[in-house]
Structure formats: C-alpha cells, structure tokens
Amino acid sequence: MKTLKFLVASLAIFMFVGPWAFAAETIKIGVPLAMTGAYAGSGDNYWKGIEMATNEINQSGGLLGKQIEIIRFDSQEFAPEIVMQGADYLCGKMKVSSIHAGWAGWGQDIRAYGKYDAPFFCDDGAMPSVDVYKSDPEKYYNTYFITDTGGDQANSMFNMLTALPYEYPNKKIVIINTDDTWGMEVGDTLSKRFKKIGWKVAKRETVPYGTNEWGPILTKVRRINPAIIHIEIPSSQEVITFFRQFIKKPTNSILSYGWSITPLEVLATMGKDADGIVGEMPAGMPAPVAPNPKAQAWVDKYMDIYKHAIPAGSWIAYTGVMAWADAVTAVGDEYNFKAVNKHLKEAGYEGLQGMIKFGENNTWHAQPAAPIVHYQVQNGQLVALYTDPPIKPYKDYKFQVPRWIKK
Amino acid sequence: MVLILGGFYCVMGILPLFFANTAHIMNILIMILIWAVVASCWDVIMGFAGIFSFGQVAFYVIGAYASAILSVSLDIPPVFAIIMAGVITGVLGVIVGLPCLKLAGPYVALVTFAVHMTLIPFLKGPLGRAIGSGGSQGILTIPPINLLGVAFSSEHLVPFFYLTLFLTIICTLILALIIKSYWGTAFLALKDSENFATSLGISAFKYKLMVFAITSFITGLFGALYAHYVGMLSTKMLSMDVFTILMIMMVIGGIGKYPGVVVGAVVTVTISQLLAPLGMYRPLIMGAMVVILVLFLRDGVIGLAQKISPLQRKFG
Amino acid sequence: MVFEIIDVIISGLINGSVYALMAVGLTLVYGVTKAFNFAYGSFYNMGGYFAWMLLIPLGMIGGYFSVFFAAIPVLFAVGYLLEKVLVSPLRKHDDWEMKVMMLTLGLSLFMDFGYQAVFGPNIKSLPGMIEGTLEIGQVVLFHQDVAIFILSVGGMLCFGWILNNTRTGMAVQAVAQNPAGAQIVGIPKDFIFAATFAISTIMVGLGGILLCQKTFVDPMGSTNIMIKAWVITAFGGMGSISGSLYAAFILGMLEAFVGWHFGMIYVQIATLALLLVILAVRPQGLMGRE
Amino acid sequence: MLMLKVNKLNAYYGESHILKDVSVTVDQGQVVVMMGPNGHGKSTLLKSICGLVEKVSGEISYNGEDIIGSTANNIVNLGVIYIAENRELFPYMTVKDNLKLGAYSKNARVNEKKNMEWVASLFPKLMERQKQLASTMSGGEAKMLAIARGLMSDADLLFIDEPALGLQPSYRMDILEIIKEISKQGKTVFLAEQNIPQLTEMADKIYIMEEGSISFEGSKDDALNNEDLKEIFLGL
C-alpha cells in the first residue's frame, strides 16, 4: 500500500517536472493541507471530506462532463512562505479552478490566495484571517470562510454553558488555552462574557503546546475548586493528559473542552473515561443520529469508508466542494471566476442540513443548516446536546451530570 | 571562484526575462538568491572561521522580526528598518559571540542552538508580544519596501528580484573578499590549528568575533529583506525543517568550499520545490539525501569537481 | 498551602525522573564516542512505535514483559549497525563531529517522516503498564509515575555503578577519557564505540516505551525529546551521568515551580535562560570536564 | 631464537610516506635500542608493529605468526605492548585503575595479581599514590605509571618509546635500573631512546633510523667503532 502510494507520489514529480502534453480534459482543484507536522491530523480530517466529495462527483459523471483532478500541496505548519509557494504553485502554475483548504493558516493564506481569483475555501476559524479579508474585500473577494471565528464559537460555548440544566455551585471559572491565535481568541472571549455576567475568572492560564505535566496548574485548580474548567487546546495529547491527571483527584467542576473534544484520538483513547466532558464542533454534524435521513445516509457512508466517527472539518469541507461544484454547474464554466464567485455569494447552497448562505465577510456563519453543535461525551461517544444558533436542545438527548461531581 | 559566482549571477539576472509572469518560478528564484547568501554566511562561519555555530537560522529570524517590528510598530520606512535590522542582528551576533567564541566545538553549537530554541518561546510569549512580535500568530501586515516610488514586494516580483540580486551580489562580494583576503587565510590557519595560528600572532578571538559580526549583519539584512518580501512572519521560521534545508545546502555545496554552497542553495531549493507535491515524502527524501551526501560527497559538489578536473582547483 | 507545595514538588520530581530517563542515553553516547546524536529523539519514538506495534496490531502475548524482551536485542542491533555504517566511517576525517551532527540530523528527519509514512500522522496511545493511583493523605500519585521515578533513578545509579566497578565499564570510561591509550592497553576501541552507541539506543528506546505510556507516541515529538535531552545533557555536563541526573531534577523542579508560580508560558523561557546562563559562566556544564 | 621479524615495512600518515622499506629483527630476551633524530619515524615503526597505524604494508611476523594489519587488541593479546612516549594515561582515573586497565588483555587478567606485586616492587613510589588521579601526577611519575601500566599487560615483547623524554637525570637512572630489571625477568625490550647513553651499554643490538629508513644495524661494539656514528655518541 505504502509503496503504491510512493509510486503515485513519484509519478506526481514527473507530472510536475514534465511538460503538460498529456494533460487530459479534467477540472483541476487545489488542496493545500497540512500533510506533515503538528496539524497533519486535522489536515487529514479535511482531506477525507474533500476526497469523498470529489469521488462522489466523479462517480456521478463528473463536473460539466469532466472528471475532477485533485492537486495536493503540503502546507506543513503554515509558514508564510510555504503558504505563498502553495498559492503560486496551485493557482499560478497548475491553474486550478478552486482551492479547498480547510485550516490553511491564520491570515497568511488569505493574502497568498487573494492574489488570484479562483474561489478559496478555508476554515481558519480565527479573527486575524477575517481582518486580512476586511482590509481589502475587493481584493480578497474570492475568499470563503467555511466556519465562524474562534470568537463567535466561544460566544456559542458561553451560551451553551449558561444554558446547561445544571445548578453551578459557585461563580468561578478557570480557563486554560494554548498560546496560539485560536486559543487566545477563545480564552479572551469566554473570560469577557463570563465576567460580564458577574463570574470570577479565578485562573486564566496560557500554556504552550506539549504541556503534559499538569501538576502545578491542577494544584491551583483544586484550591480554587471552580464551577467550570474550560480547556482550549486543539491537540489531543495535552487534553488527554490533563483529564487523566485531573480525574486522579477531581474537583466539582464541569469540564468544558470546546473544540479540543474533536481530535479523533481524544475519544479513541479515553473512551468511556471521557464521559461527562462537554465540547463543541463548528459547522458540525449532530450525532449520534443525524438531523435527517439524507444526512444520516452521508454519515453512514463516511463511517463505512473511513471507519470512524465524523471529526471536525470533514463535513464542512465536503460541503465546501459541493457548494463550489453547484456554482460551477450553474455557471457552466469553472474558469469564469467572476461568475462562480458571484453565484457562490448570492445563490447559497442546499446542503445536507438545509440551505446554507454566506454571510458577512464571506463566512458561513453558524446557521440552522450549518450549526455549531455542542456535544457531551456519553458512553464513549459524542452526543449532541444543543445546536446553535438559535441555541436549542437537539432531539431529546439529555445532559448528564459528570460522575466526578459530588453532591 | 569569481568565474562560478559571476556566471551564476549573470544567469540568474537573465532568467526573469523568461519567467517574469510565472510567480511560482520567480518566487523560487528569489528564495534561491536569499538562501544562497544566508547559507554562504553560515559557510564562512563554519567552513572558514571553523566556528561551530548553529545559530544561523536564529540570526536570520532575528533580522526578519527586528525589521518587521521596526516598520510595523514604529512606522520606520522599510528601507531604513532593514538596515537597522542588520545592525541589530550584528550587535546580537557579537553579544552571542563573546561568550561562545571562547568555547570548544560542540559547546559553541550548544550555546548558539540554545539561542535558537530560546527565540521560539520568547517571540510567542508575553515578552515577545510586548515588543510587538504578535505572539504565536506572528506579524501579518509588514509593509512592502518602497524606493523612489517603486514598490518591492511579493506583488511586484520582478523589481523585488532585481533588488535582491543587487544586494546579493554586494554581500557575495564582501564574503568573497573575506575569504580571499588575509582574513580568509587567517581563518583557515585558525581552523587547522588554533595554537599555531595564535603563535603567528593571529588573534583567534578577534577574527572570530569579526566574522561573527559581519555574517550576522548580512544574515539579519536578508532576514529583514525576506520579511518585507512575504509581508508576514511567524515563529514557524524557526522550525527544524528550515534549519535542515539550510544544512543540506552546505552539505551539497561542501563545507568550507565556497562558493559550493551557492550551488548547494540552487540545488536544494529546486529539489525541495520539486518534492513539495510529495507531502511527507519530501522531508523523508531530504533526510535520506543528507545522510547519503555526508557519507559519500564529503567535500560537496566543489570537492567533486576538484576531483574530476584539476583545473577546478584554483576555484576551491 | 503546604499541600500545594508538596504537590508541586511531586510534579517536579516526576518531571525530573522523566527527563533523567530521556537524557541518560545521550550523555553516555556523547561522553564516550564524542559523537552528538541528533537522531536521538527518533530512537525514543522507535521504542514507542515498536511497543505499539507489538501490543496493538500484533497483540503480542505477555504484554510489556515480552515487549522489553524483544525490544532490547532489536534496539541494540539497530544502534550497533548505525554506528558501524554511518558514524564510524566519518571518524577518519577531520571535523567529523560536525559531519556526525549533520548526518544524524538528516537521519532524524528521515526516521520521523518514515514513521509518519508508515504509521500515519496521528498520535498512538500505549496501554498503561501499571494502572491505579496511590493515596498518601492529601497526596495522590500514579503508580505509573512512581514506577518511572524508581526505574529512572535506580537505572541510572546502577548504570553508574557498572561503569565504575566492572572491567567493561572501566574499559568504556577508558575509551571516553583517552581512546588512544585505551587502544594501547588492548581495549577494542571501535567495538566499544559501537557498543556504547547501541546501549544508548537501548536506553532511549526503553525510555520511549515507558514514557509513551504517559504522553503517547507522537511522530512529531522526537524533536522536543531531543532538545530536552540536549538541554539536560548540556546543563549537567556533556558525558557526565551524575551531572545529567542532577540537571534533570533541577530542571524538573524549576519547571514545576515556575509553572506553578508564574504560569506555564514562562517555563520554556526559564529553562532555556538557565541553560544560557550556565553555558555562559560554565560551558562544560555542572559536572562536565574541560 | 627469532621473536620478531619486520620485513620491508612501509607506513603512511595520510599522504605522507613515513617508513620506507624498514626491516628489523629481534631475538628472544634481547634489549634492542633504536636511535636516530626525532621525527624520523622511530615512534611510527613501534606503533606500526603494535597495530596502531592505519596505513601499513610489508611483513611483520611475531613468533612466526603474521601480525601485520591485525588490530591493536589482538596484538596485545599475543603479548606485545607499546608504551607511548606521551604516556596516554587515563587522566580521570586513579593510579590503581590505570594499572588495572593495563591488565585488560586476556592472559594479563590471569596474572594480574602477580604482575601487580611485581610492579609494586619496581615502583614503590607509585604504590604510595594508588588513589591519586593520573592527571594530577608530575611528568616523571606519569612516565613511571605509563611503564608500569605496560608491564601489567604481561607482555613478552615491550616497545618503550622515549622513556626518558623530558625527565630530570634522577629519573633517567631509575628508568635504566627498571629496564635492566625488566630484561632480567626474561622479557624482550625494544627501546626508541637516545637520551640515555648508558642504555647502549646494555644493548644487544642497535638500530639507527634516519628519514624513515634504517641507516645502521649492528652490535654496540660495531656502533662504537663506526666513525660516522661518533657524533651520535658524543654523550659517551
């Protein structure tokens, strides 16, 4: 299998070096993702969605009668010049007709792809990216954010935490987040919102990636004994070690993991131990039962191919490709970027959960058809408690008071 | 040596005429120019002065951040910011040099690499934010260089290319002078036997400090140039990947075989570009390359050339 | 308050023992062969993946006992061959230390992404060798951490004893102190070099198997391991076993207290600042020799 | 009876050709002294025989066994030891441990105790400082230790390189005595030394090496009668 992969890979070189003599009639799309480095895990999740979408399109006769050909680029850890090389390679050299990126960086990607006109779908989920867009909406008109920013997601987390059917023993929260853009953004927003309603942010800790010895922090947490502990570290290793060391001597606190609940290994590793933790997924797919048969069919198909539950990013990346394909079909020419972009902005797309429309700043803000889903781990799997907006309970799944909370 | 370098830069100078419109290629060419100089500096430090420095990437990044911060936070025009960045890096180079030039081989590597490692948490952390490093998000709005109404940036590749080429040639000349001058011989003497050299009245410390200062200055200068080129910076530039790529340039070019390292830069950047679509197989192959090259291409391409044709010797 | 301090001290000790385990192999191989092994962290991961492969996909019977049993010869062979094939050829030439550093750097890149290519980019978790916690009044400890502590400290002490009190151990020291002299008295220098490299590979590999139970097998993790081990080795004095033992615990404590009092974000800076200071005032490290 | 036969030995350091077709023979129980200006290859010859030089060609046979190209430790096991002019001690080990390691080779281990006593009788001074680190000893003591360590190897053929180099006269006399003692034990001694004229008194055979090749071979009488060699023996 691996050798096969490698053969394909080396073929790719020759195509890269060699002339384009034998380029068949295909529609090329670019997929710059983190294939190596710290973010390779999330990159893989997006990839699965994109791969699934293109396969579906190709199997059903392709787009405008042409097969879609994916050209990948490893954006590694989003070093500015790497991202720029990716843009120049995919758009400049390979002349792809759209970019499906998932998490592509924190602003550098917008600038890099903004130089071109091909629609650029990204899931940066961070304010700096949006700020770059805002700095010149004309120039960056081909940028599409397929999820909300960390700030918006944090607001939704706040809504959920305050909506929980649970009597908080006190008004103290501890917030632990990573030292990166995403972590800071969520941390800041949450502490702002909680302070506003008279809570005390008893501890705000910013930790670097790779923190696995939580003794010093937990010591303080245990003395504080807060009502909520929120962890925002988009990396499985740290959040698992935190939980293991927390549960050793737990406090009466709701554990809110935010986005950190979504990396595949978290549940794969902790299983039922994780029961009781709450977390969210932007543009998520409610589970264990999808909102409608069509969505359920998709979920089943996904799990059948990839043998695991739907991770963050897969579904929305899938939807991104589909929405673009929809626009291309409507326009009838994948290279008529002006028209394709116009259609994407105005027409909206009938997704698995309903009609999705791009809102302010070319963003698929959380909306009924692409909601932020808040889950609780219940017997080892994610169970949707709420969808937002509007914040409303999902089906009749009930919040369970975590086992470590003593009455 | 003069022939090789001259030929190289002439060719580089012509290339844009063919590739002016393909941003992708221009980008590669510009990166080749920048890396060529940075790697050359490292070669002068390691190969000629025999200082076992692992701080090259660190100085590069310091220069980049210095210029970015100066121009973003203090609104200093990029042209001056770049020069100031070079000076700052040079001074830091001296400060780092003072303690470690008294040390022996691996310890110098230790100290300099420790500086490299310290930069990451520093720039990401509150201290970094305080001076405007933008934390782990980095700096995303670095203004382009603007000279006499001409903008030089990733948006205007051709002018930027020639600006870089111009600076590259100047710096290359400086480095070539160092190597060919009395210093060069002094360095080689130092490398062979410090005691011997000292007995000749060559003050190891003085010369090493000088070469440290000069190379850090140039490195910082090009770091700054790079910052204004891409317009964005993050601590990712300190990743092991960049470090290794720089190292491969030296291994291919041959340590102390200037200008082999320039050839090394061309080869490495190109290969790394060709392999980019391979994803994780790119670093895999790069790694294997280092191992094989270190084992079998001991003096790099120049060494090879020397072996093949005795004529080449005088360039070594 | 007092319990808080105790907690912090405990996590300091845990840090320390973990670091000691990481660093011992590196300091040994540097001390004896003067070759700085940049691929060190990748061997740590090799241990982790080896254990994972035997336990999860192959479902090896006998659990960790048989894993260790199988790991030792494999790691030894790998280390021995690598030294013979990659490192010793370089020794013949001048500035070989630099060459070895470069080569091993390339090797680590190759190995790390090799792991990714084979096992995928996601982290792998190992089942705990010993579960359960130990409660002493207010204080709660993982059996795992206690085990790591005992193994690393005990392991290092008896390793030091072997070095100082057995003929082979002394031969190793002899090679470290004066290779030419060792050769003159009839110690097989080249074999000792290769063997030391292999032993350090075993140490770091087993360390990986132990510690990955605590913090997972992370294909990208090896750089951090290498850097940690390097910092400790340099701090304690390159090649001084006891030095790195002290250094490991000093740094462990430092991290715990800085993290507790100032916040985790300052830990790295504090560590590296300390390293820089030490190297500036005493380049050979705490216990190192000029 | 013939113990060591070196025939047409060539040795190189990198590019430079140090020994040129050197031929030497040593009989059991002899004391052989090799003289000649420094830097003309005396040490190189000794090292080459003991397997400490990478690039060598020619024949070396020890007790009829061909030993050229075999590793240093094998040669030590055969009972040939090299005592370096620059001592090559283990600086951070005690005198005792240095001696212990001297007896590293297989057959030496068997007789370690016996040899230790013998060495103790030869070097009472050293025994007083068993616990001292080698790096803290004076030049003379260190030299003694180097010789003592060599004796611990239980070798039958000892190559002693410049035993008196940089020693004050008092020590030179000691060394003379010790060498006498060693050869009394039936050991064969091959010295590269010209700072101790008295040595020639006890030499069974004298070689003179100049520019990497043997310029003179003969008994001490031949040497003394040889006009050309007078200046070398001005010391007499």
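For clarity, chains are labelled A, B, C and D in written order, and residue numbers in each chain start from 1.
In the analysis below, a residue touches a chain if its C-beta (ideal position, glycine included) is under 8 Å from a C-beta of that chain, and two chains touch if they have at least 3 such contacts.
In this text, all values refer to a predicted model and were calculated from it rather than measured experimentally.
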{"item": "Longest centre-to-centre distance from chain C, chain (CA-based)", "value": "D"}
{"item": "Of B-C and C-D, pair with higher C-beta contact tally", "value": "B-C"}
{"item": "Intercentroid distance (Cα basis), chain D paired with chain C, Å", "value": "43"}
{"item": "For chain A paired with chain D, centre-to-centre distance based on mean C-alpha positions, whole Å", "value": "76"}
{"item": "Euclidean distance of C-alpha centroids - chain B vs chain C, Å", "value": "32"}
{"item": "Mean-CA-position distance for chain D and chain B (Å)", "value": "53"}
{"item": "Shared interface positions of chain B, touching two or more other chains", "value": "121, 125, 280-281, 283"}
{"item": "Chain D, residues touching no fewer than two other chains", "value": "none"}
{"item": "Residues of chain C engaged with two or more neighbouring chains", "value": "113, 116-117, 121, 265, 268"}
{"item": "Overall pattern in which the protein chains touch one another (line/ring/star/complete/other)", "value": "other"}
{"item": "Chain pairs that touch, as defined at the top of this document", "value": "A-B, A-C, B-C, C-D"}
{"item": "Residue ranges of chain B in contact with chain A within the complex", "value": "22-25, 27-28, 31, 121, 124-125, 135-138, 140-141, 154-155, 226, 230-234, 236-237, 239, 241-242, 273-283"}
{"item": "In the complex with chain C, residue positions of chain D that touch it", "value": "50, 52, 54, 71-73, 75-77, 81-84, 87-93, 97, 100-102, 104-105, 108, 149, 153"}
{"item": "Of chain A, residues touching chain C in the complex", "value": "2, 5, 35-38, 40-41, 43-44, 179, 205-208, 210-220, 223, 236-237, 240-241, 248-249, 264-265, 268-269"}
{"item": "Parts of chain A lying in touch with chain B, wherever the complex brings them together", "value": "6, 9-10, 12-13, 16-17, 35-37, 40, 71-74, 76-81, 84-86, 88-89, 92-93, 106-108, 111, 115, 126, 128, 132, 135, 179-181, 184, 208"}
{"item": "Complex interface listing, chain C residues touching chain D", "value": "92, 167, 170-171, 173-174, 177-178, 180-189, 289"}
